[in-house]
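Same chain, two partners: chain A is paired with chain B first, then with chain C.
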Partner chain A sequence: MSLPLLLGLLLIPLAASVYAVAAARQPDCSRRVYGVTLAVAATGLGIALAHLLTASTPETLKLPLGLPWLGAHFRLDALAAFFLIVVNLGGAVASLFALGYGQHEKAPERVLPFFPAFLAGMNLVLLADDAFSFLFAWEFMSLSSWALVMAHHQDPANARAGYLYLVMACFGTLALLLAFGLLAGTSGGYDFDTVRASAITPGFAALVLALALLGAGSKAGLVPLHVWLPLAHPAAPSHVSALMSGVMTKVAVYGFIRIVFDLLGEPVLWWWGGLVLALGGITAVLGVLYALMQHDLKRLLAYHTVENIGIIFIGLGLALAFQANLMYASAALALTAALFHILNHSLFKSLLFLGTGAVLTATGERDMEKLGGLIHPMPWTALAFLIGAAAISALPPLNGFVSEWLTFQAILISPELPQWLLKFLVPAVGALLALSAALAAACFVKAFGITFLGRARSPAATQARETDRYSLAALFVLAALCLLAGILPGLVVDGLAPVVSLLNGGARLIPQHHQPWLTLVPVVDVKSTYNGLLVLLFMALSGTTAAVLIHRLASSAVRRGPAWDCGFPDANPAFQYTAGSFAQPIRRVFGSVVFQARERVFMPPPGDLRPARFKIELHDPIWERGYAPIAHAVVAVSTRFNYLQYLTIRRYLSVVFGALVLLLLGMVLWR
Partner chain B sequence: MALIADYLVQGCQMLLTLLLAPLLTGWIRALKAQLLRRRGPSLLQPYRDLSKLLRKEVVLAASASWLFRVAPYLIFSAIWVAASLAPTFASGLLFNWTADLIAIVALLGTARFFLALAGLDVGTSFGGIGSSREMMIASLAEPAMLMMVFTLSLLAGTTELSAVARFMLTADVGLRVSLALALMALVMVAIAENARIPVDNPATHLELTMVHEAMVLEYSGRHLALIELAASLKLLLYLSLLGCIFAPWGMATAGAGLTAYLGGVAIYVAKLAFGGFLLALFETSIAKMRVFRVDQFMGAALMLGLLGTLLLFVSRSL
Partner chain C sequence: MHGLAFDIAHFLAGGMVVVSFLMLYQDRLSALINVFALHSLVLVLAVGWQATIQDAHHLYVTAGIALVFKAIIIPTALHRIVRRLGIHRTLEVVGGVGLDMLAGAALVALAILVMLPVTATTDALAREDLAFALAVLLLGLLLMITRQNAVSLVVGFMSLENGLVLAAAGARGMPLAVEISIAFSVLIALIVIGVFLFRIRERFDSVDMQAMDTFREERRK
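Let's turn to the complex of A and B:
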């Protein structure tokens, strides 16, 4: 019964979209629309959760929609249910946040109609069970999110972001279209059941993998296809950014998992795992290095999404490598790690984007160099943002650490892999993962420290006010979930077990909720264990004991005074460390290699009254070496053929005739 | 009854680490003074310093937030938990399985995260310089440490420290290239993480060379006491790690009885004293390096760790 219910539920946001088109300018419209999406997403979340935890068989449904000879197939299985949870949790919290945040929207008619549609589109992708409905829903999701990116299109930067997003989305869908074409084969069975049943040659299977990497990877933000993401995600209003970065990238990962783990089926070749693993490792490190160089808070978060997608793909690549070698128990660990990180990232990335939204409402600024000291006027937002920052930096006892720990454990059981290339690749990727985790901590010390700590760097930051109650509720729901998933990881792992066994030929991790103290025990014979609950208890106990004892027995006196600063306190807030100066050591160590970072100092000679200048030069290697040449080539070719636009009708006809003759000749020669 | 005894032993380990940590710091300071032909302070000086600081009032900068006041407790508790979960005088204690070596590294990461934030909180340039350099050093030290963990876990088949210690006592470990590389990596990381020469100087107050001291510059009173104690605990933790992994001899096993535990404590103290002696000797015989040479130093540690892991992925006998 869940599936018809879910599909029926999706009609409500579509109706809300239609309503919003008509009534966007009415004062209550924003509240009504977000209230409806909140209710719908919460219901969807409940249904999906119930299905994941109780149902054992997938539900299917065929509706007479879409292509007449195909119909629209829908299916709700464990994989779809898990991703529905991720999508609807993110959607519900974003709607809750928007109940307050949406009041400040200057152009509600450009946001309100598309937000429910976007949510419905993401849900529909997960339920689709044939290539046509999948691609239709995928495009629906892309276009509605594009409209949201273009909400503030007067800003030329946003218009450019929207253009780039459109180009990359078209490219990604093209790749997926070709992948489904190959999967369907010459017989043209486009519903997923036929695709699963049909065999495919290894060469075509490899091509499908490559196309899935291009199609889903471009939407998820896999390096080098990530370029649109740090431009487009920040351009949208913040609750939409949270959905795009925290949730839509997960839908893209779902597309990859569905195609590669489910539809493609056996046999898996070992180098597929190697390829995905290597891409994941590179994506993780480059993503965080890019993020460290940013001082636009939203762009920093968007680049950080790229890093986390890399971590997810590391887990998926390991799982593929294990499956290729028939090591299903190990594959179960790697898959669990990847799925756990998908859930975690949707939680803390949504939290951080929503927190940025609160900052944006309070100050009108996203540039960290103009913020600072926000912890004083906005203590609750700061606390929630801090929890998100600690979680994403993989600090125990929060949830980010658990999924990274599981990924590390999966790496540590991989020396049994027989292929030599994997033997070298896996530890190298492990080092990349460790490096990206450490750099992420640096990145979020910067993001939180420069934005919320220190002294205000602009009048806007001085006059900030705490955000509204709806927004705070949304922030703290997510923060609490980050903590809960961190201290009770065993329950999450048990919840993921049906998904893992679906994708992994029935193998899953051992049940965790029987373990004493709810300890996480991924592999029985390895005996590496972690207990977030006890770590939290120990920390809370020792911290409070120390605080109570010291305040009782020693001293609890406090005196406020000027900062010490080695005897030279600076009254001017501009003397503080900035985002740029905080990142300087890392820019010098890593950036000089990756970004050819150069610092140029212009010091005027004595007597010259010009100010001294300090300039940082950064080069984006992927844009400059990868995309710029392609763009140049496209422009050059189209300029060259520009004259074709101005021919007479006679010439056009002869061109058409010539093309026809050529094609027919080609047909004749081919036969 | 046995369970209560287990709780007691675990509690004793927590207290032991807390009590021994300032003594270790005092021991190293005294040795360094002797090596420099100074008389030096008494071994108990760190305890006196701590009790004096605890009783003094806190002078808070006007721009300090609640985070600045909470951070010392967080840092202290994270490092104390890490230090008391690593095996010291006995392996296989009640809560050893709570956190494996990766989690201990990450707990130290938690402490560092909040210390760096506290450095930025007041909004002075010294705090910022300390935080930013600390995170740069950590961005290389933490992966190096994790690669060392990988090497160990590939040999011992687990990341849990008690099991690693037990494995290192068995005969089939032998002399291995990978272990030598891991030992070097761990020593280099320990030096960097504890802000020792040549990476940082714990005795300096020369502004531009300091990292750790710059971050805690604004702290005073009980907050400073907690941070100093946490720093001592961290040093003790790293020496415990070195002892439990590379010199696990003489460690009591769980439930071995009081005499065995006492013997374990005596051997543990001897190991700490020897480790402290080596550190003092090393620190007095080397000069501090420039900040932008540290990345090469830490990069070398990372490469050593990676090399050790790679060797083991290639062959389990190396």
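Let's turn to the complex of A and C:
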């Protein structure tokens, strides 16, 4: 009964979209639309949660829509239910945030009609059970999010981001289209049940894997297909950025899981896992390195999305490698880690993007070098942002730690893999993962420290005010969920068990809820366990004890003295540590290799009145070596054929005629 | 297939190809339009004969539509346009009639070479019809690209459409509704083109395509 309910529910946001087209300029429209999306997403969340926790069999439904000989197939199984939870949780919180944030929107008619449609599109992708419905919903999602990216299209940077996004989205859909074509085979069975039942040769299966990596990877932001993501995600309004980064990338991961783990089925070859693992490792490290070089808060977060997608794909790659060797218990661990991280990333990335949105509303600035000291005017936003930053940096007792710890547990089992290449590759990827976790922590020390601590670096930052109560409610819902998932990971792992056993031939992790003290025990023969609750208790106890002791034992006399001014008596806020200076050591260590970073110092000779200048030069290797040559080639070819735009009508007819005759001749000769 | 019925169908379809060649040869607009009327008339006969031997009554409607629109209304309208534009006496330069004829012959050969192997499984009548229809279509296109005058372009387009109808009648495929809608769209196309011709003449004092091309070249520079 859940499936028809969910599908019927999707009509409501579509109706809200139509309403928003008509009434976007009315003062109350924004509140009404976001209220509706909040209610719909919350209901969807409830239904999906109920299905995941109670139902054991998938529900299917066939509607006479779409292609006449195919119809529209829909299916609600554990995998779809889990991702529905992720999507609708993100959607509900973003709507709640937008109840306040949306009031500041200058062009509501460009945002309101597309936001509910975007949400409906993402839901529909998860429910689709045939290739046509899947691709239709996928494109619907892409196009409505594109419209949201273009909401502030007057800025040329946004227009460029939108263009690049559109190109990459088309490319991704093309790859998925080809993948489904191969899966359907010559018989053309496009509904997923037929695809599951039919066998496919190993060569074609490998091709489908590659196409799924291209198609879903380009949407998820897998390096080197990520180039559009750090441009497009920040261009949209912040609650949409949260949805795109926190949720839409997860829908892309869903596409990958659905195709590779569900539709392709057995047998899995071991090098598939190696390929996905290597891509994940590279994505994780490059994503965080790019993020460290950024001083635009939203773009920094977008690059972190790339990093986290890398971590998720590491888990998925490990699961494939284990499945290929029939080590289903270990595969269950890797899959649980990946799915857990999907949930976690959707929580803390939405939290961080929404926090940035609050900062953006308060100051109008995204550039960290112009912020600072915001913890004083915006204490609650700062607290929520700090929780999110700690979660994404994988600090216990928050949720980011649990999923990355689970991934490491899966990596530690890898010596049991028989293939030597994997035996070497997996620890290397583990090292990359550790590196990226450490760099992420550094990056968020920078993001939080420069934005919220210190002193305001611009007048805008001095005049900031705390954000409205809807936005704060949204932020704290997410922060609380981050903490809950961190201290009660066993319950989440149990909730994920139906999904894992669906994708993993029935194998799952051992039930966690009756473990003593809610300890997380990933593998039966106990190697290591984690208990978030105890960690929290320990931190609270030791922290309180230390605070009490310090207050009791230290001298309570107040001393006043001048602050040390580093020899600069004029304490200008510009003398503070900047984001650029914070990132400098890491830029020197990694940037000189990866980004060919060069620092140029211009010192005017004595007597010259020009100011000294310090310039940093960074190169994006993937853009300059991968995309720029392709773009140049396309431009060159189209310039050469440009004269075809200016032919006379007779010439055009002649071209048509010539082409027709040539084709017919080819047909004659080919036979 | 009875020998005689097949021969007559073959004769009529072949007749259309011959009339297409006649059109290629005409250098005066009025004559071209007259030959086009003849072309449509042969089409009417061919489709009517197909209706008789296939016992397909809806093809009679097709033939009727073709008779009324293509053989009577459109040629009359074109005559009136030409007369009002005052170009009914002008001679159109048909560059290299001999070359055109040779090209046309080559196109017919190509059409037959393409169609006969492809349709090897269908019955002989449909095969011949399709081959001739493709030939008529290609000849219509050839007419369109070798002429200077916009009215000839229109006639070429209409003869091309005749080829399509012939193919549809032979293949026993096209439903009546599609046929009627095509007939109307062609009629509307004629009206639109007619309006445009007058507008173009108002602007450029000519419907000679070359004159327009030179004008465009100048504007581009």
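Everything below uses one rule, namely that the second predicted complex is superposed on the first by the 629 of 671 C-alpha atoms of A that agree within 3 Å, B and C clash if a C-alpha of one lies under 4 Å from a C-alpha of the other, contacts with A are read in each partner's own complex, and residues count from 1 in each chain.
Quick note on the criterion: a contact is a pair of C-beta atoms (placed from the backbone, for glycine too) under 8 Å apart; a residue touches a chain by one contact, two chains touch by 3 or more.
This is a predicted model, so every value here is computed, not measured.
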item	value
First (chain B), second (chain C), both or neither touched by A:Arg650	second
First, second, both or neither for A:Pro604, with chain B first and chain C second	neither
Which of chain B and chain C A:Arg588 touches, first, second, both or neither	first
Touching partner for A:Ser393 - first (chain B), second (chain C), both, neither	first
Superposition-derived comparison: chain B or chain C, residues of chain A touched	B
Doubly contacted chain A residues - partners chain C and chain B	none
Chain C residues within the chain A interface of the complex	107, 110-111, 113-114, 117-118, 138, 141-142, 144-145, 153, 209, 212-213, 216, 220
Chain B to chain A touching residues, read off their complex	14, 54-63, 65-67, 73-74, 76-78, 80-81, 84-85, 95, 97-100, 102-103, 106-107, 109-110, 112-113, 116-117, 120-129, 131-133, 135-136, 138-143, 146-147, 150, 153-154, 157-160, 163, 207, 217-218, 221-222, 226, 291-292, 295, 302, 305-306, 309-310, 312-314, 316
Contacting residues of chain A [partner chain B, same complex]	372-373, 375-376, 379, 382, 386, 390, 393-396, 401, 405, 408-409, 411-412, 415, 423-424, 426-428, 430-431, 434-435, 437-439, 441-442, 444-446, 448-450, 453-455, 519, 525-531, 534-535, 538-540, 542-544, 546-547, 550, 554-555, 557-566, 569-570, 573, 575-577, 581-586, 588-589
Residues on chain A engaged by chain C in the complex (per definition of touch)	646, 648-650, 653-654, 656-657, 660-661, 664-665, 667-668, 671
